Amino acid sequence: MANKIVTFGEIMMRLSPPNYFRFVQTDSFDVTYGGAEANVAASLANYGENVYFVTKVPSNPIGQSAINHLRRYGVKTDYIVRGGERLGIYFHEFGASQRPSLVIYDRKYSSFAESKPTEYKWEKILDEAKWFHFTGITPAVSENAAQACLDAVKTAKNKGIIVSCDLNYRKKLWSPQKANEVMAELMKYVDIVIANEEAAEKVFNIKVKDSDVTQENLQLDDYKNLAKQISERFDLKGVAITLRESFSAFDNGWAGLYYDGSKFYSSKKYQIHIVDRVGGGDSFAGGLIYALINNYPHQEVIEFATAASCLKHSIIGDFNHVTVEEVKTLTKGDSTGRIQR
Amino acid sequence: MANKIVTFGEIMMRLSPPNYFRFVQTDSFDVTYGGAEANVAASLANYGENVYFVTKVPSNPIGQSAINHLRRYGVKTDYIVRGGERLGIYFHEFGASQRPSLVIYDRKYSSFAESKPTEYKWEKILDEAKWFHFTGITPAVSENAAQACLDAVKTAKNKGIIVSCDLNYRKKLWSPQKANEVMAELMKYVDIVIANEEAAEKVFNIKVKDSDVTQENLQLDDYKNLAKQISERFDLKGVAITLRESFSAFDNGWAGLYYDGSKFYSSKKYQIHIVDRVGGGDSFAGGLIYALINNYPHQEVIEFATAASCLKHSIIGDFNHVTVEEVKTLTKGDSTGRIQR
Amino acid sequence: MANKIVTFGEIMMRLSPPNYFRFVQTDSFDVTYGGAEANVAASLANYGENVYFVTKVPSNPIGQSAINHLRRYGVKTDYIVRGGERLGIYFHEFGASQRPSLVIYDRKYSSFAESKPTEYKWEKILDEAKWFHFTGITPAVSENAAQACLDAVKTAKNKGIIVSCDLNYRKKLWSPQKANEVMAELMKYVDIVIANEEAAEKVFNIKVKDSDVTQENLQLDDYKNLAKQISERFDLKGVAITLRESFSAFDNGWAGLYYDGSKFYSSKKYQIHIVDRVGGGDSFAGGLIYALINNYPHQEVIEFATAASCLKHSIIGDFNHVTVEEVKTLTKGDSTGRIQR
Amino acid sequence: MANKIVTFGEIMMRLSPPNYFRFVQTDSFDVTYGGAEANVAASLANYGENVYFVTKVPSNPIGQSAINHLRRYGVKTDYIVRGGERLGIYFHEFGASQRPSLVIYDRKYSSFAESKPTEYKWEKILDEAKWFHFTGITPAVSENAAQACLDAVKTAKNKGIIVSCDLNYRKKLWSPQKANEVMAELMKYVDIVIANEEAAEKVFNIKVKDSDVTQENLQLDDYKNLAKQISERFDLKGVAITLRESFSAFDNGWAGLYYDGSKFYSSKKYQIHIVDRVGGGDSFAGGLIYALINNYPHQEVIEFATAASCLKHSIIGDFNHVTVEEVKTLTKGDSTGRIQR
Amino acid sequence: MANKIVTFGEIMMRLSPPNYFRFVQTDSFDVTYGGAEANVAASLANYGENVYFVTKVPSNPIGQSAINHLRRYGVKTDYIVRGGERLGIYFHEFGASQRPSLVIYDRKYSSFAESKPTEYKWEKILDEAKWFHFTGITPAVSENAAQACLDAVKTAKNKGIIVSCDLNYRKKLWSPQKANEVMAELMKYVDIVIANEEAAEKVFNIKVKDSDVTQENLQLDDYKNLAKQISERFDLKGVAITLRESFSAFDNGWAGLYYDGSKFYSSKKYQIHIVDRVGGGDSFAGGLIYALINNYPHQEVIEFATAASCLKHSIIGDFNHVTVEEVKTLTKGDSTGRIQR
Amino acid sequence: MANKIVTFGEIMMRLSPPNYFRFVQTDSFDVTYGGAEANVAASLANYGENVYFVTKVPSNPIGQSAINHLRRYGVKTDYIVRGGERLGIYFHEFGASQRPSLVIYDRKYSSFAESKPTEYKWEKILDEAKWFHFTGITPAVSENAAQACLDAVKTAKNKGIIVSCDLNYRKKLWSPQKANEVMAELMKYVDIVIANEEAAEKVFNIKVKDSDVTQENLQLDDYKNLAKQISERFDLKGVAITLRESFSAFDNGWAGLYYDGSKFYSSKKYQIHIVDRVGGGDSFAGGLIYALINNYPHQEVIEFATAASCLKHSIIGDFNHVTVEEVKTLTKGDSTGRIQR
């Protein structure tokens, strides 16, 4: 039985040079569409949930293409508002080896950034919904978006809907001070937080290293400490942390940690050879929400979220195109990549 | 001996779906760069002139790519200002048969639109220049751009540089009233005007049909009348008119007319099967300027400009990649398309 | 206010070599999905109708891709049955000049062809629907499909839903005798028939030329006669005829005729330079249904249907990606293909 | 029953920019392989003949790729000599509308051009062969190639093999004087000549217009006169003439004429919308040889050759990928390009 | 001196999304052709052997394309039967990192599966042949194919031709019980078997682990034991085993083992970063047959086979495009990948 | 303040199959342009220097495309001579895993190889230049090129310009004996030498191992010894050595060493996952020259050169498209490949 889930944020056109070309080399762009909350919606649609993505896009073929992309992958677009000037764009250059991926944002003045809070009818949108998700990017986009976000979480709270938030700090959009101020207010209505160490520090000044610890195993303790601090400061039902080790643009270590207020659950760790890293965190959030809303045991929750996002790193584009079965195959231990005939 | 020529305006990234795809169908964009004045510069560089294109682009790899595109085709970029927020973009969908080409502009807030007039050092830029060219799009982009344009033509006039202007009315950028007001002021410093009937009517309310004429040959007289009116109103050295017959997105008739204040010169008429129509008018301007600055007889001037722009319709992208020799082969009558081995 | 419309038939994967390559030359295929009734659904979705396509596809990523293609373009897929062995495929080679397009079907044993009539829950599917559409291909696919089709039209009749049928004879699927037998039974429940001369002759042995007529204008009379015969034999509310003149794989004449039982309405005739001819007839049906269900005057009905399908010939793939506004621009006479900025 | 046929000449790598790009625009080349005699061989292989192409290519993966291309399309490569420095290359830019196609040869110093006459074992190669074909390009490539060609035709004559030659004058390779001298010697062993007016004039100084004729029908008489002159000068069994009308790079008229020493046979004339014009003449030769060796009546011979080459113009690459059945469909009058399902 | 070798089985069209795309993401497929026995033939053709692949394909351009693919790479297609309904297809999705490659078969009802045993003229086909090869897939395809296979090996035995078989179990095609029954009968005529642990267990219930062994070196002993068991049960001349370690879709360990009835020969082990894993086993078989038929010492046999298949993993498509020299360079120890200039 | 730098050598068209295809598989080539000295120029242009590349290319669109490629990336082309027969070509196949990259040269008879020494006006070219760079390939191309090179370095010496040379031995172009003879003469005018162990041994018979050293750390001493020997033999200001460890076509270790006549400076060592290895050494030279001409401390010089060339391995094509800032980010230790937003 599919659950109604709503995510809210901006969707952008993503333009990437093919073939590991640098921007200055390319004569074509591969096009896809993405944004943190749209990516989470796509994960949930893939898993069979009844998920709506809420945003505003321009009334032209470019905006329509973003909607079509969402529909193609099963995300409901009924509540998307149309109008405004432009669709946000981000240019994305694939990194390789020691050369990092590059993202150039061209998202200012977008239909979403300039949308009015009153354009989103939250009472109707959230009717019968079970979960609402947003990330720290949405309120960072503009004052209006922050207000719309606040309206949404308040309405959700009133309706008894679970609210999750991925901190997702973006330094190009706002300062840590501003982020802290706006997010602290939103946190009042949030049940589940997803974060990594950078976002926790930038948004809430909670640092992973506050005791003199050393090396490996202790490192996990640091992350546990981080999760616990976040959980306690905002009185949360759950905190999920992603642990990324960046060896190069091609090679990352990846693991997850979940704290449910009483116990810690840490996932298997994956050594990933990366195809496309963008949306990795969002696919973790998508897996986490799916597992939680379907009442997986918490150890399975963190295994599912981490395995789902491990697989995302092998998929081109912002969306995670994997099924529940594929994720479960990995959580059960088959990471050998043998041909499935 | 190459002549120093300067053109001024905006260069945008152009994103076109491949294969006659509609926007909603495409998963990739072919990228090129163009803008009315940049296109004219590219023509002139191809013909061996020493041509500088002046604009402002952002200091990032996207802006750099626009500069690289200009450099690749021999346009000098020394005076291009760097900074600002974004490079203007236009999405371009190839039309076919009865389906028209579609252009969606996303050019607001561009580095050029928001550039300050003082950022362009016209004294230095125009030093030793022989010709300055702009189009009606440049002053339409923003107040600042209009002022920069006025500064440029005044400086040019002071230096005895020939100034040409292609009227090029864009209804998305300004109203006829505003266009008239701004362009009339600029016209004081202009020597040569290029126009088609639509631009002449929209910008200066000069209509091609003001006598009760009929059919074919008389039609040419209408255009002559149009050229003469423009010439006299602004006391010009020359007026060039492009005559386009639009049968479909694939088939156009194309001819040119030049009036030097005393005589009319009309070109051969071409039936064109179109590959890419964008930049067709600009390639006419490029051919015209080349022929005039090299003192071609006026009949050859209009033949050269028309043949050059006829060939542009067979070339993908905004720029006209033809040599003087190729244009001359066509003006001499070889339009058979036989393989050149 | 969108109308619920249901179409029923097979959707296939279409594999086409790029670049006018012949099959033996290609090392890649462009993929799209289509089928006569799916194509009609796509047209109607584009025009804003609430359209459901009913079929059966396999439960694997290939079947899912067909569903995703429909969703991408706004067709509702809620009633699509999943299971069976395979998705039908058709290989399609673009023709050029005197070389005809080539279609190689590989559709036998498909999930749809082998689906059971009982798998389609027509009572539920047609609940609140206003229109049901199928073509002569659906009952030709298999006995089961013919029975499912009969179930559907009977249910539709019971519910007072308008039923339309495009004759669409396919010689690879059945003989004229078999077609006549099955289609005659189905015709009892049909209100609107769409046909061309070949289908009318093959399926019902009604010929366009049965009086000694000659040349041009009289030719139209022949088609009128054809429409009238079909209308009277099956006591129909309306008959629409498409008139195609095939000059080459690149050049066709195209017009439409509508007979409402009392009067004839014939459309403007278009000379088309073809990009992709597949789905041309389906886009005519889509335009016709849209115009009829929205109560356009009958002259406008035939103009809309013909203009819509004229535009389809300029679009790659089986689906017609045009808006109501774009069709109307053409019916109002703008076929010049001028750039829309 | 397939006939053993041998053709002799150079095969080159052909590099063409995609998408009607000019050379200066492209960042990739589409690769194919071709050469006048290889193209004829490919036609004959397609028609089911047992055809061997004789040449020399370098012993590296580039030479191997040329061989693989021949094998892919059924041409026998057993007698191809391997060694030497390089495979000849020709760069080919597709023309469009008034812009002609461009060919830049980079064929000097090729393995073929520098091959020794003794490397070709004609006794063995021509054993049991029924037909030998070469063109005026082969002896023009180098002195050695001319000598090898002479060896071949002499051996063929001794064995009673029919020898055909397509004049095919290439001004970049030799002068009319040199061509005349070498070709006149070779003509002693030739039975069938294929020519167009340009080649006839350049190689043998036989002009199409040597009487004061005018207009249309008379024009055909001129070509008959041309055929007759060639036939008589070299005492030939047959002369075939191709008649091309070049309206643009996209549009050509195309017809053929055959003279068997007593009667003239002229083909239907085709109006072609060109996809790829290269190899058009070779596909005519291929069709002609096929029809002659299979003893078609002479009217059918010229119809087959002309229809085959008409279809070639719709196919990308130098080779003509059509079957006997496809050619016959066209000779029987179906040039409507209707989809073949 | 090339040896006549015959392989027998099915060739399918393989359709793969480009760029690590998942099936649901792709709008195009890269096309190649392959099948276990065709792949072996391609290896042997590359090494200069005179190899014939026997199968049945439909008489249409799709079947022709499969034949052309074989011809392109030097495989003889003279004995291929034409007719039937369709060419088998398999959809192939490249895996990446922890995401496995995916193969979706659409091979039922293929021309090969439905071919009659009498269509293959083994007396003629195997005339003067020195080696016959098939895999466990061929008899699994259909009863008819199993019978044809039996006819072939009996004929081969009569003629004293060496017969090799790669077990190659496919669970989608038959059960272990059925496989055991059919293969046991065929084994009577087989001289050389190639297997991996999975196939050995599934087809003959011979397991790699039947003694209580541990770790690394001992592991090799297990494989030796496996080889010995197979060899003894069927009284074989030789048994070759491939040892694959699957770390991820990108990283595999790869080694080979050969047992000639008296001694074991184990190859160097390669750590491979995979480009395309499909056909890896077939390239091992191809290398093995080449080395055995050319009487390499047995240690060199296993080194050649293993190195050849190591290289295959770096090549896109089912076929192994390497030369004898390239394989030998690797067996001699140069695996550094330094540029060969 | 940009420094005038001049490099001299050949630029070739590079044709590479896409997608790790082998030459025999490809139906298209990706095109780029490169050559050792052109690559160095491109690096320097990227870093903002005023760099001129001197060569000779043919006066046709192929030669023009090479020039355009240089211009696109900011290299000055004012002194390039035009004329001659052809542009040199090199075919390049990407290696993968154990399969090495393959380069097939087709550079004989190029415009550059056949250019006359007198065509290069060194007095003018080197006027106000601060640095002249060439590699051992330039004099190896032809006697003429060697003479031109000698003219250049003599002129440079006269003008007090620093001269650098990358030894770059190419066995296809000359023998060690010839190389030694010609290079020894040129060395008289050289200040800075760049080499790897292979070039040092082939050109000057200076071996890295001439003392009985063993393993790891000592290995660096060997390279120091090598640098010192070169430095002393030719009385140089500086010697830079690149240390490459080739594990496979995908994985290399990479480090650099600089000796300034008194001290050794060795860089950090990078483990690289290779995208394109061609031009790796040239990008080292480019980084070295930039750092030296801008008076970086010598430890920073070697770190900059090594980091720059490390990044090159992640970039497709011969040119290194990185900025000074990007190189410095890596020298400062960020090799994590984290997304730069």
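In order of appearance the chains are A, B, C, D, E and F, and numbering begins at 1 in each one.
The definition used in the following text is that contacts are C-beta pairs under 8 Å (C-beta built on N, C-alpha and C of every residue); 3 or more make two chains touch, one makes a residue touch a chain.
Fair warning: this is a prediction, and the values are worked out from it, not measured in the lab.
*Asks:* Could you tell me which chain lies farthest from subunit A when each chain's centre is the average position of its Cα atoms?
*Replies:* Measuring from the centre of subunit A, the most distant chain centre belongs to D.
*Asks:* Quick check on the interfaces: B-C is repeated by which of A-B, D-F or C-D, going by over half of contact pairs matching?
*Replies:* C-D
*Asks:* What whole-number Å value describes the gap between the mean CA coordinates of subunit C and subunit F?
*Replies:* So the centre of subunit C lies 62 Å away from the centre of subunit F.
*Asks:* Can you work out the whole-Å distance between the CA centroids of subunit E and subunit F?
*Replies:* Chain centroid spacing, subunit E to subunit F, equals 44 Å.
*Asks:* What residues in subunit A touch two or more of the other chains?
*Replies:* 18, 22, 24, 27, 68, 73, 102
*Asks:* Name the graph shape formed by the protein chains and their touching pairs; answer line, ring, star, complete or other.
*Replies:* Other.
*Asks:* Can you list every touching chain pair?
*Replies:* A-B, A-C, A-E, A-F, B-C, B-D, B-F, C-D, C-E, D-E, D-F, E-F
*Asks:* Once bound in the complex, which stretches of subunit B touch subunit D?
*Replies:* 18, 30, 73, 270, 272-275, 310-311, 313-317, 321-322, 326, 330, 334-341
*Asks:* Okay, in this complex, where on subunit A does subunit F touch?
*Replies:* 19-22, 24-25, 95-103, 105, 170-172, 246-251, 277-278
*Asks:* What residues on subunit B touch subunit A, complex-wise?
*Replies:* Contacts found on subunit B: 15, 18, 22-24, 26-32, 60-62, 64-65, 68, 85-86, 89, 91, 93, 102, 104, 106, 108-109.
*Asks:* Please output the residues of subunit F touching subunit B within their complex, sorted ascending.
*Replies:* My answer: residues 68-69, 71-74.
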